[in-house]
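Multiple structures are listed underneath, in structure tokens.
Next come two complexes built around subunit A: one with subunit B, the other with subunit C.
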Partner chain A sequence: MSSGAEKTRTPLLMLDHYTMHYATKRGPVQAVGGVTLQLHRGQSLGLVGESGCGKTSVAMSVIRLLPENARPVAGRILFNGIDLLSLDDEQMRRLRWKSIAMVFQAAMNSLNPVYRVSDQIVEAITTHEPEVTEDEARERVANLFEMVGLARDRMDRYPHEYSGGMKQRAVIAMALACRPQLVIADEPTTALDVIVQDRILREMDEIRRRLHMSMIYISHDISVIAEVSDVVAVMYAGKLVEFGSAEDIFKRPQHPYAVGLMAAYPSILGERRQLETIAGEPPNLLDPPPGCRFHPRCPFATEQCRREEPPLTEVSPGRQVACWHPVEPAGRASSSRGQYSTRPPHAADQA
Partner chain B sequence: MGRYFASRLGQLILTLFIYITLVYFILQAMPGDITQALVFNPRIPQSARAALQHQLGLDAPLVVQYFHYVRNFFTGNLGVSFSHYPRPVWNILAERIPRTLLLFTTSTLLSFYVGYILGRVIAWRRGGFVDYGATVVGVTFWTAFYPLLALILIWLFASELHWLPLNQFISPTLWLDAPVTSNTIFHYMILSLAGAALLLALVYALVPRWVRRPSSRCWVTRGAWVVALAGLVSGWWASGYAALAWDIVSHMVLPVVTLTLISFAGNMLLMRDSMLETTREDYVLAARAKGLPDRVVRDRHAARTALLPVVTSFALSLGSVMGGGLVTETVFSWPGLGQILFDAAIQADYPLATGALAFTGIFVLVAHLVADVLYAWLDPRISVVSSESEAST
Partner chain C sequence: MAVEKLDPSPITQTKPLVQVDRLKKYYPIAAPFRRAVHFVHAVDDVSFQIRPGHVFGLVGESGCGKTTTGRVLVRLTNPTSGRVLLEEKDIFRLTKLQLVQFRQSVQMMFQDPYESLNPRMTIFDIVSEPLDVNGIGSLREREERIADMLNQVGLTPPQAFLFRFPHELSGGQRQRVAIARALVTNPRFVVADEPTSMLDVSIRTGIMQLLAGLREKLGISYLYITHDLAVARYLCDDIAVMYLGKIVEQAPAEQLLRHPLHPYTRALISAVPVPDPSYQRPPVNIKGGVSRPVDPPPRCRFYERCPLATRRCANEDHPPLVERDRGHWVACYEV
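Presenting the complex of A and B:
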């Protein structure tokens, strides 16, 4: 997927040092701090991190549906080379769903309870493609329903007549209605049981490949991300800490936070082991720590980490890490895990 | 559907029975009866009073009187008014009810509509100038002492500016040599309004089925409004009684405006709160993400769902349409049901007072039934039809 030829073309989506704050009474909350990443056509990107690390803020920035107190402070968001932040509301409205669609967190609630599901999808189609007649749009909805594994004759039902998994599929069908180039799926399957979750993820991935769409998956659940992403971005406290191919990130994480994140999840196929947690809590983004934002929780933190912010640097082709002391890729993951758990946070302070 | 209505109708009749019983005994609990007025005249002998009491059936035990009343009531006989003797109660009510109904239904609908539109706008542009302005003005009228506000408006628009007629139902001088009575004209007015409303209701019910494209739906409904209004105006114009009908309408303006002014804020604030809640819902965010124009997101997604609790309040206020008219009808000298109830109660005219209150009760009950049906129609989750069809399959 990430061949050299593909990379030389303009990326479909590019975040360039994108920084965004939420204005609050107690001061600006620095929710997204200088995130830079690229997504190519047909590629899927997984965005992982704890709750409140800025994943959803990034996603909502791309489709520009942030709350009123959000202030993009610096940087650009380029979609097909156009800076989305410079578009006016009407231009952005035309772009939504037509080019960038979304499967929302708690997708169950993103269907309006008082309208038939078919009408809610037809509405999106006829808004963006006024030349399409209602009958054509309904035919398209029926095809979409089949594509996501729902019976055609279900489409004229109301949302409360659907099960959770069916609603999720309907919401995915809705996202595909205008054949967007990019679909952002924010915790698309969190509310579902694991079996349904897995099936829907596989089907989404299959559809993405078939339609050659790009996709951003957002989840705190790395097993979800691992299943469907080509490239993975790990976020911590509003910063992008590690970026690379899914395989690299999951098998050989280099940022201490990414290492901790992988250690905190069980593996079905791997050996049985005690799950490890990252001690401490994410920082308050009203007053983030100086230097590396992870240093108060990092077992490897040094004086440099406390003072200077590590830049996102390319450690190998297509692999970027923002850390002064990345975990050696040569070292086996298990050994780094051991190291991780034996040393309490702030150990470096005592040393 | 049929079973649902049958059970609702059963409940309705039971409630009505309890209500009539309560009303009957509460009215009887008032001291004295209509013959007491005669006692103050020393020239009328006690025996004459007793004879009158016997004639009116007031000397029978209360329970016997009650059973007589209930039997008569449910066979459609409301008795004869004491104070308008020998006019049947039914006859008086039939004259008064339409007047009250039209006045208060118009103002309730208007107040609801104004409240809905304003609430929708101020919730969407929360914290703006319009929000503060509408809230301050609305709450000021909402808390104003109603009779005083009514008197100020009467003084200003009728007495000082002479824009509108002063009180009453008609201007008597205009009707002196009219070939028809005001009641006839009024009944035709109500009939023509009901016809127009029926036409609109039909169009609104059929448009989603016949017209597929939302933008053309909008034009069809607008066209229906134009046709209905034009039909009303031209129909009355052609009849030659337009001036008389206009006289009644112009007498309605001031009470309707006053009633709307004092009550729209309630609907407005309810709509605002309800809508502030729905704007936080995920489906509104999803509607915006779909790239729908702002107005469509507001009207079709946020406001449509926010409407549901407002409809409940609307139905409840429809119920008070009949009951709450007393003050208004007194201040505006509007010869409606409230006024007749007041007079009947003062004069201990039990049959008339009971009859008036009974119709208030019937109206409230019907309004609630209408609310249930309306609610089921607006919210597919509460469909009475689907639960039955699912049970049968």
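Presenting the complex of A and C:
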């Protein structure tokens, strides 16, 4: 937990009922629906959810690297109090990388194969900070390499001379090149083996604390999110369904989807408990279900859930849930699983 | 190898269904117009047994040889040396008739349900293809069999899926189609190469439960290839850990996770993230990264990265797998 004292100040990033659609021939895909969340300086936010839940769309909206057909429809994205949606492309371009940087999902492919890695990072620096000379930039790259655990003398090599883990480190070095206030990491270690993943996550966490940066981690792997996040936002079908400290979300989830997600996840620690499934599949966002978007899969759904959409409501300080019938945390101690496993009629076919 | 290899399989009453015996697969690295002088030792002297109805997990990082081992076991590639016995018959010395039977009783499931299904074929055609190829049943019988199979993998009602195309289905549904296709010939042995690693959490659990349930119901044995120890824990009876072409440790699943002996297994386990924010994982205690096993020296494959390495490890051959506890085998001089 980083910044208890700073929460009173304005957050670094604030999404305020941000809604975004993708225009398609078959109609608008309602990818992000009224997401509200805050990220403070020095904090790390984990965005979790399954493919198509809108987590990458949220992140790409912040750095504004969206495809042509993306249409922000409502809401605001405030960065240091400035509404990013009101900036023109040129203003946004100046902010991008200098203040908000990104580590991409396919980091393997985000380096240009025909340029030396050092040249690519030097270019990023001199483009955004024209006052920096080439030599100063090279020195900065060397320092960045050390910071991410790469040998200085590797910087003048070409990407194909790097292993997958080394490319990932180089991409992280590039994201840090202009000392951004916010780094968005979209599945930064998904393609890597666990031992390499472990090192890179530890290093990123260390660098974030040292430089007092904010981070948004996006991952479908909730165990990765558990390890690197101060606060966690759980998304489902374009909606933010639960927000709170990592400790709360993982130990005492209250939204039925968050509860189901935790119960579905295998761990190598502790007792080998039964895994639960969440019946059904996520909805088509061309035509999301009315009311709560999770109701067709929810074991607690009532008539109200089918008709009315639950608002994101603060249930305790710093903890928000969008559900008419949040799962009561009382009496469950550290295990969130028992209660969930008493009902679903569909889930008990494992031997 | 100077050191005689011990039989790395638990003593059992039942005969093994699959017996892999000193399997090697080397890939040549050929320069154009030259004879290959360097070899990648993808699988290097691997032995294990799979009992009927059991799930044998093969775990390791990319490039450790786990997929190559799986491909040899379904005859997608030939071994450099060593034998693979299915019900005591060498699968590389089969008569024509035996080969036909082999193709029915051994099947493979692949990782990516977006790549492994032909986009131009209907679900009916995809699932019935193994029956067509093997000439099993009349059209009527096939229809019944396919409907039954779709029911079993949870694609119900089957009529709603039979004449759809893969692109109309979600990832989880596609993987169910791939499972139906693999099981439609009633195989006794299935090689499953990471069939859940591309799927989302809530969908993945359903597929894991389906595989576990079908194994109970149909008595199928699996070789389950995965990089994910947590998934292996839920599906496998035994887990073998591979490193650069060698099995370095093998034990019943819980035993391996709770009492790992080999320094590589320990590192691998401590590197797995845990979905508990207050849990502090122990540091991963190994150096460097995985290299490619090109003409590796005879010593222990893990020597360069090992925190326990001694002069003996440097000078002697790769250590043999030795049984340390009932069913718990480890290849290391120092544990």
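Remarks
Convention: the second predicted complex is superposed on the first by the 328 of 351 C-alpha atoms of A that agree within 3 Å, B and C clash if a C-alpha of one lies under 4 Å from a C-alpha of the other, contacts with A are read in each partner's own complex, and residues count from 1 in each chain.
Methods note: a contact is a pair of C-beta atoms (placed from the backbone, for glycine too) under 8 Å apart; a residue touches a chain by one contact, two chains touch by 3 or more.
Since we're looking at a predicted model, the values are computed, not measured.
After superposition onto subunit A, the partners subunit B and subunit C occupy separate space and fit alongside each other.
In the superposition on chain A, contact of A:Phe145 is made with neither subunit B nor subunit C. In the superposition on chain A, contact is made by A:Val224 with subunit C only, not with subunit B. Annotation for subunit A, partner touching more residues between subunit B and subunit C: C.
In the superposition on chain A, contact is made by A:Leu65 with subunit B only, not with subunit C.
By the touch criterion defined above, A:Phe300 reaches neither subunit B nor subunit C. Overlay on chain A (Cα): least separation between subunit B and subunit C is 11 Å. Once both structures are placed on chain A, no subunit A residue is touched by subunit B and, in the other complex, by subunit C. Within the complex formed with subunit C, the subunit A residues making contact are 50-51, 163, 165, 193-199, 201, 220-224, 226-227, 229, 246-247, 250-251, 260-262, 264-269, 272, 275-278, 281, 347, 349-351.
Remark: subunit C residues 61-62, 170-173, 200-206, 208-209, 212-213, 216, 227, 229-231, 233-234, 254, 257, 267-279, 281, 284, 286, 289-290 touch subunit A in the complex.
Note for the complex: subunit B touches subunit A at residues 212-214, 281-283, 285-294, 296, 300-301, 304-305, 378-381. Note for the complex: subunit A touches subunit B at residues 63, 65, 89, 93-98, 101-102, 104-106, 109-114, 123-124, 126-128, 133-135, 158, 160, 174.
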